[in-house]
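All chains are identified by letter, namely A, B, C and D, in their written order; residue positions are counted from 1 within each chain.
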């Protein structure tokens, strides 16, 4: 587990993050994980719009970080995604999109998180709700 | 819209498909869209397992193709994903995984599809249910 | 389709509404359907808490009314629930609970709605996201 | 917790079960919880069809029992529903409907269950996937 860089962002940490190119941003200090991506041609589907699976990747990452912060604000202790329900509201083209998570409620081992994905103009692209589980014993 | 190649597979069609590297396979002729990926280091998350967002990308692609076949078995007319609920059952490491869609029911404009993602040993990695909408007037 | 009573509430309209006893409230005029229930012993599960299926019934009714208002603010034209994803955040005991819907986005035929169920103290009991479809030709 | 009656069914156990009138059936001994309801006028919505909330109640009950059996085949130890995603495939009118659960995968504390609701002719009315959590320390 890497320690958080001074600017509060995580870049190129994992294979999938390097492949897709998103940035995890924990700099706000408000308990909400954020994740942004500068969408380009590599991220588009056959409609020339952001692929829904990549939207879900961004939401999953931001929401999982939010759950991590809920269980343990300093340690970045890992969580697993149990389930994720995504709603595709509007298409997004090239440009920056940002996913933000918010805790809806949590117990000792399970955390409910809501998420939103918005484009640079603040337009709502997708929403999601997810269940995350704390990984113990690591 | 590309015509389907003689072997029934679609490769490198879109930016996101080239980026992630999955193959869409419609060769079975059973109305089920399939999508496979040879998972390597580029697809792993911080647990060194297949990223859930990529699992969802594969499921979305296989299930969307299944909806396409349900509305129009020959034309590959486009559909949009309205919503997708994914359940992460077990982790997957490197190696081939395959997503398969199955129609649960459909009307004139909306199609319900179920999906499964399995690894090379047939182990269930994730399940999903999704709502897809026909795109008219193109 | 009944016309809306002067006080903006709908009571005892259908068999299921009479059975469970919830009240649909459209009086706020803010485009959000609301639905409340005074939970008593008849609504409890084996944990002596509000049954999750009844929570979903309230959310579905409030969210469906919200979709109805989005498509047609005056006519109460009917919608069908296509899919509904509910997250059970905290248990609720006897007392009033209120479900509220909010439109996340909509096109000509499909509407995305978010919903919350809260108890009398404002505590979040459940959240939901749903897809609703306009019923045409009636 | 009641002991299971000799015929493997549970009737009138809770307030909500008495109110709605469904029967939990564990008699098959195949690890799948079942739940049936003889739909009549009391269960219908404004379209004169089975209310989606009641469909979800039946699915939740059958799937929760399936999770209970997965964690503990003999004890009927309690579980809580964490999340439930329901897809409404076709309308159902009066007559018997049966919900059936099936385990998709489970760990020590969390169980993934799939469910189907079918009418007396076997027609698929609704599908669901859910996450259930074991309640410990009782």
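Criterion: a residue touches a chain if its C-beta (ideal position, glycine included) is under 8 Å from a C-beta of that chain, and two chains touch if they have at least 3 such contacts.
As the structure is a computational prediction, the values presented were derived from the model and not from experiment.
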| item | value |
| --- | --- |
| Chain of greatest Cα-centre distance to chain C | B |
| Chain pair showing more contacts of the two, B-D and A-B | A-B |
| Geometric centre distance via CA averages, chain B-chain A, whole Å | 21 |
| For chain B paired with chain C, centre-to-centre distance based on mean C-alpha positions, whole Å | 33 |
| Rounded Å distance, chain B centre to chain D centre (Cα mean) | 29 |
| Shared interface positions of chain A, touching two or more other chains | 82-83, 85, 87, 112, 129, 131 |
| Residues on chain C engaged by chain B in the complex (per definition of touch) | 82-83, 85, 109-110, 112, 129, 131, 133 |
| Contact set on chain D toward chain B in their complex | 85, 87, 89-90, 104-105, 112, 114, 124, 127, 129, 131 |
| In the complex, chain A residues that touch chain B | 1, 13-16, 18-20, 40-47, 51-54, 56-61, 78, 80-88, 135 |
